[in-house]
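Have a look at these structures, which come just after this line.
One chain, subunit A, links the two complexes that follow: it is found with subunit B in the first and with subunit C in the second.
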Partner chain A sequence: VRSELHFDAVVIGAGTAGLVAATRLAEGGARVCVLAKGVGSTHLAPGTIDVLGHAPARVDEPGRAVGELVAAHPDHPYALLGVDAVGEALAWLAERIAAGPLPGYRYVGSLERNHLLPTAVGAVRPSALVPETMAGGDLRSDDPVCIVGTRVLRDFHGALCAANLAKAGIAARSVEVAIEVDRADANAVGLARRFDDPAWRASFAAQLAPLLQGDERVGLPATLGSKDPHGAWADLEQRLGRRVFEIPTLPPSVPGMRLFEVLRSSLRGAGGRLILGAAVASADRADGRVAAVNAHAAGRDVRYVAPSFVLATGGFASGAIELGSDWIARDTVLGLPLRGAPAPGEQRFVREYLAEQPMARVGVAVDAQLRAEGAENVLVAGAALPGAVPWRELSGEGIAVASGFRAASTILSQATAGATA
Partner chain B sequence: MTDVFSDLLVAEELRGSLDHCVKCTICETQCPVSNVTPLFLGPKYTGPQAERYRVADQPSVERSVDYCSGCGICTQVCPQGVKIAEINAQARNKLKRQKGVPLRDRIITRPTWLGRLGTPLAPLANLSLRLRPLRILGEKVLKVHRDAPAPAFAGRRFSRWAHKRTSPKTGRRVVYFHGCGTEYYEPWEGEKVVAILEHNGFEVEVPKQDCCGLPLQSSGLFDDARKVVLRLARALAPHVRDDDTIIVGNATSCTLMLKREAREILALADDPDLKLVSERTYDICELLLELHDRGELRTDFKPVEEHIAYHAPCQQQGHWIGKPALELFALIPGLQVTEMTARCCGIAGTYGLKAEKYDIAMDVGRELFSQVEASGAATVACDSETCRWQIAHGTKRPAAHPIDYLHRAYGLDG
Partner chain C sequence: MASLSTDVLVIGGGATGTGVAWDAALRGLEVVLVDRADLAEGTSGRFHGLLHSGGRYVVKDPRAAEECIAENRVLRAIAADCIEDTGGFFVSTPWDDPDFADRFAEGCRATGVDCEEVDPAQALREEPRLNPDVSRVFRVPDGNIEVWKTVWALARGAQARGARVLTYHAVIAIHRDGDEVTGARVRDAHSGEELDIEARVTVNASGAWAGQIADLAGIEGVRVLPGRGIMIAMNHRLVNTVVNRCTMPSDGDIIVPIRTVSVIGTTDEHTDDPDDHTVLQSEVDAMLDDGEKLVPGFRRARALRVWTGVRPLFEDAKAVDTDTRDVTRAHALLDHRERDGVGRFVTITGGKLTTFRLMAEETVDAVCRQLGEDRPCTTRTTPLVGSESGEHYRLSERLERKEEHLRDDQLICECEMIPRRTLEETMRRKATMNLDDIRRELRLGMGPCQGGFCIYRATGVLHGVDGLTAEEANGALLGFLQERWKGVWPILYGDQLRQARLDDWIFQGVLDVEHLPS
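This part shows the complex of A and B:
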């Protein structure tokens, strides 16, 4: 007894890179299936598409800065992708979001200029493509900001955020609104469900309005609704008569969940399958190719056979890449060769935690077309790629979107070429 | 097998997974119960976090885990592979041992007893289930909510029908596990499963069988659940000792119990009969889709001009096979399907029947009910019988198993 299913392409991983690749494949007519151990990075990331934020100085023009980065780092994922491909992928994603299941919800921005968005601790995040609901917080504008905190959301301190912004020379202050919840505290998702309710929103706005001054714009934790965030945001702007913007929170990330929902819905709409819980346990490899992967299902493994695979499993954070006690890094999913690890004897880590860690550039070795070394029908996308340090560069989502898009395009053009031949 | 020592071993195996928890809170975002009630603190708090304070031989300090419905979504969405739902099931069992088991939980977790009692008295039993004063009495005495969905006894048993007939000999044998829902409440579902399998060239064998023990397990009555599931494994295993005969079932939560939950939660991973049954068991839609993938499914489908809503129940999602019913529906001309994205209907087997949990279950289901209404669909397809009863209760629309539509499309409904 052996369970076996056939697809045109199998994508491993349900983060941004995997969902972009799968959606694009499905739209291109491929029978595609996404296999994932669980929900991916979307629910943890801020939901912005950061292309390049630091290089290492703050980046204002991401398109131009990517070009410079590519020239200096030929091993960087952007060097394989090219800046035009990044722009194309971003435009595609923005269209999917605008046409998605959340009415009116859209992303704004381009590779021309980065937005400068406040983070939850009042730092500045340069980001290329951001939810419209966040764009009002752009600190390139001099308008004063008022950050609204609430005690029940313990991961978001309005006073801390405003104080740090003020230190950076931004006119910022904070106010607090009391919210009643039926438990000790609330997380961002719980709060977002409340903002879905128009009556609740109205009473929140009524409580907040008298606390605001002058021409302040209003920064709120990114919890303005899960079902109709555009409606909730526009409603608050209208009720308060001023600009309102969301500030990404610590996980769980409501804007990230919205992005997941957009991509999931686009994938399903295009006929793709998404299987959560199906952790890939092993692969059948022969002649430099992966013939099939075996994924856990209840009772037995299921063999997924396809001519092409996309490996979008992430890096160290997701557990897809692991550093053993023998100091050897491994791809825990398909066991493919890695690149970017410091050579024996070289420094692997430096003392300062968030500094440029030499080990951080490790990823699955690929050629210029993102084909994995030793498995020519496996295309690699997202944080599994070597050569980037996304949390320092603020480049993770840009790489994920552009490489997922590219991996899918490569598979689709191969299929077309094969059909023509 | 059922001693305290092996309980601890399985607990250790599950507990090992909690070290992978990075506190990312993805499970908290998806938990249908903690998102509607403060009575359940949420999968991360009661699971990976509270588990660190659960010490053998000492009372459990975290009591809200009794309000976990056991839907298993947390385990499914966890990107780190933490067995959250399974850890919480263990904790619920420990709590039950500590607090004692209400009489109610000993009764409603025994579908076989209820079925055998109710079937011969069906008209009377069904009438009493609809009599308000009796339901109020039932709520007061037994703590079964007066409004909870109560299916009607069919008055006949599926197995009686099955044992009176012989499947045409084709040499391609399949063992049918029908479960208690089909046996006592919806025997027609079993008849349709048999018809579809036979239409596709299978020789259907229906061995004498009994409950899978899932209701007992989900209510924390592990010792009884073990006895019941092993009895079923002993009944099914002799029929699949060859190399390729498989077992197929239409009760998706019961097939999941056989495939995975009994082995993982009840410390029965080593039982050879259960292991064999686990590896051979298929959900009906899973089997039909695999046949289709191999080009072996008959596709002589006639149009079914209908708009339906499809809800994949939590336990079906726990098979980790996606939503095969949707792929099968796509083969039926004319059938328009709206996929529901709400995660849970709330019932979770017997959870929503319990007086103290009924309102929570209805709150959980509300999103699904409103999605069904917004879809404009006339009927709802869903793979689990208790979910169908809850959905019918919550939406006032008929709910049917996905195979009903296949049965009609094949023209097997006469």
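This part shows the complex of A and C:
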């Protein structure tokens, strides 16, 4: 039996772009539903909101650099969004995080200056809006750092991180702390659960404190709690009597999962629905519009009908865009036309891993209002947009937040215009 | 300059060279083996992993077929742990000449290759993914052989008998004293230091590079015709039996299941440069099309990696430059005293992996003749290190081993199930700054994620174990990342492209390795 549900807007994809769009729509009074195959980008990404990190030289002032990027790359998503929209969306997101379910947890930063945060391998990574729990690692400060590693966490190597920071001219060293866990294969999520426990934290701090020297700040893998990360972080700062900061590990990303929880909670608080495990199987398309999408969830087929859709399904990494063995790229969700793909027979990738790959800028073709070509009531957001190289330029979250926000605003203003008319 | 002297200097650390070192060491000779890179980094490490039954050659090259089946039986006994007994099928697909099947069966009878015709329905029960339109099926004793395991077992066995193995030592000169070769000068690729090795006999076992080494000795006309072939590893065991097209040898005529993957091979293009690793788009497409003929739906599987190997085909009078497959797969042993009047120098080239032991035996026989010593070969009956029990490798072994340490050791490479302690021990022993050296021994990064998760972890472990500087650690990380990408980018599509983007997320998005301090 097939049932049918009606919404004002249906968002496809539960990464940053989709959740931002849906939350904003729900706050604007729209009845909104998010359909997603599973969780998205948040669980992989470091949890920072990067706007622009490399262009290709290191970006110190992301707001200004976005302006310059837009002038040189009119096809870039930022060119469609404009730098003011990015700033507005970031401010909105920072408010949601501060008002979210994690007490005291907040993001700091703006488009004025990038933070320069150490990565787990000890590279210096620029980012605009970052968790307060990471901000203490900002390498614009000369204060010496001590990176803390632990053998149980194979996804973070403190000594390697410190060695590279030292090479970059930062006063950095590392120490190892032995942590007893049930299983050798502890990951960041497992460790974060331990940091939620005040007694465990106290014994960890007692073990670490004598290893620290002078006025060092302390870099730890980003595992400082999942339920109350602000509390865990503040408690450690107090117990150690010095600045403490988190460094993102390999996935799963604890800070990213916190961001997911914040957005999910905001969405629900505003009355929106989120259905995970509901992959869109097909779409009903007619007259240049999508009338409904069909998804299979909780053992039944459901037709989701809405006047507007947001396609926030990501690019190749999520499987939303796929390159076939015939070398043709396709949108696997709605079958919409793409832009930016090299034609079959043209070079798709190049020999040098770190060079720009010709296939990298592929996305769903859109107009200046983010409307999908061939489906005027579908707005595209996030990594599904063409024209960016998010990993190389460190722009993924900035694009996701700003385009998700913009897509929602467009739908809300259309609804208002429709109601007025 | 440092120098050392030995009975036998072996140039080349592939299966043949390590086989010669093992054979000579067993006969009580002092051996030094040198290679410009790591063991099995040339042709030996770049094939599909087939242990030939000989079936492939029964019509085209009966002598090669006879050698293969004889050596197949020997290797099953002495290198059991390196071999998985998958068995093999030769199948007539709708694209194959139906008359060839009878010639094939007759060829097997004539050459002694064990062969049993199987009802296609039975073959499909055993291999359900096989093309249901196959008309004839023959069962032969093909298998797969893990080349790195084999080569390291040979090297360790030789080392245990006093042999010295110098990897990353390139030959820069061959020393001549009149009409005799007296040894070679090698250069350490890492330190740049040079070393003179004086040898009673020098063996040129450098395969596709044998002509270059012979040139250094001032011997002309050793022409090895490099034949370049591409192979593609598909994730999963699409078949569990080696599947061959029952036809004259041609491109894309075999799928070899080995470890967790299936390898399709191969092409054969003449190249002038044995270091030519070109992969053409047209070759990839042709290989995927050929896969479809044997296993319908082949293209929908995930293509993990593509690589090229260069066959060392010794040129004979009948060779035609444009089709190297017409050159015999049998090997060539050149005693340069007889051939060129230059003593104490022997070249062994051509052949195929399955016959490496025979090649080594004949080579060391020639060495003994040059030395005027009577030392009988014992490799035919001496098991390799690790193969003493005579039990073949089973795919489930690694799970069994992992279960023993499930709770007390981390997995660093989850795809290939490499525990941290194993990795640390190997890193200590090899004292290398290169993760690719570790890969060839432990299969690090060879699974579906192609290093996405293990490269950072392994670099961190290597940094700790070997006390590397940041610069060296970054070199290991970036070098391995590039090495993995090399075999991935020409075949990226479907889920493997998805995987590659996830790996980008890790290396570029999370770690920002492009901006490590330099």
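Basically, the second predicted complex is superposed on the first by the 413 of 421 C-alpha atoms of A that agree within 3 Å, B and C clash if a C-alpha of one lies under 4 Å from a C-alpha of the other, contacts with A are read in each partner's own complex, and residues count from 1 in each chain.
As a working rule, contacts are C-beta pairs under 8 Å (C-beta built on N, C-alpha and C of every residue); 3 or more make two chains touch, one makes a residue touch a chain.
Model, not experiment: these values are computed from the prediction.
J.: Between subunit B and subunit C, point out the one touching more subunit A residues.
T.: Touched residues of subunit A are more numerous for C.
J.: Which partner chains sit in contact with A:Leu354 here, subunit B, subunit C, both or neither? Use first/second/both/neither.
T.: A:Leu354: touches subunit C, not subunit B.
J.: With the two complexes superposed on chain A, say which partner A:Arg183 touches: subunit B (first), subunit C (second), both, or neither.
T.: Both subunit B and subunit C are touched by A:Arg183.
J.: Tell me the contact category for A:Thr119 with respect to subunit B and subunit C: first, second, both or neither.
T.: In the superposition, A:Thr119 touches subunit C alone.
J.: Which partner chains sit in contact with A:Gly40 here, subunit B, subunit C, both or neither? Use first/second/both/neither.
T.: Once the two structures are laid over each other on A, A:Gly40 reaches subunit B alone.
J.: Is A:Pro251 touching the first partner subunit B, the second partner subunit C, both, or neither of them?
T.: both
J.: Identify the partner contact of A:Trp391: answer first if only subunit B is touched, second if only subunit C is, both if each is, neither if none is.
T.: second
J.: In the superposed arrangement, does A:Glu4 touch subunit B (first), subunit C (second), both or neither?
T.: First partner only, subunit B.
J.: Given the touch rule stated above, what does A:Ala281 touch, subunit B (first), subunit C (second), both, or neither?
T.: After superposition on chain A, A:Ala281 lies in contact with neither partner.
J.: Where does A:Ser325 make contact in the superposed view: on subunit B (first), on subunit C (second), on both, or on neither?
T.: second
J.: Overlap the subunit B and subunit C contact sets on subunit A and report the shared residues.
T.: Touching subunit B in the first complex and subunit C in the second, residues 44, 183, 251, 318-319 of subunit A appear in both lists.
J.: If you look only at subunit A, which of its residues touch subunit C in the complex?
T.: Spelled out, the residues of subunit A in touch with subunit C are 44-46, 53-54, 58, 119-125, 152, 154-157, 159-160, 163-164, 166-169, 183-185, 248, 250-251, 253, 315-319, 322-325, 327, 345, 348-354, 357, 359, 390-392, 394, 396.
J.: Can you name the residues of subunit C that touch subunit A in the complex?
T.: 281, 288, 299-300, 303, 407-412, 420, 453, 456-457, 459-461, 463-464, 469-471, 473-474, 477-478, 481-482, 485-486, 489-490, 492-495, 497-498, 500-502, 504-506, 508-517
J.: Looking at the complex, which residues from subunit A come into contact with subunit B?
T.: Of all residues in subunit A, those touching subunit B are 1, 3-6, 33, 36-40, 43-44, 182-183, 187, 189-190, 193, 251-252, 257, 261, 265, 268, 273-279, 295-300, 302, 318-319.
J.: Considering only the defined contacts, which subunit B positions touch subunit A in the complex?
T.: Checking each residue of subunit B against subunit A gives 20, 24-26, 28-30, 35, 38, 41, 75-81, 243-244, 246, 256, 258-260, 278-281, 286, 289-290, 293-294, 317-323, 327, 339, 341.
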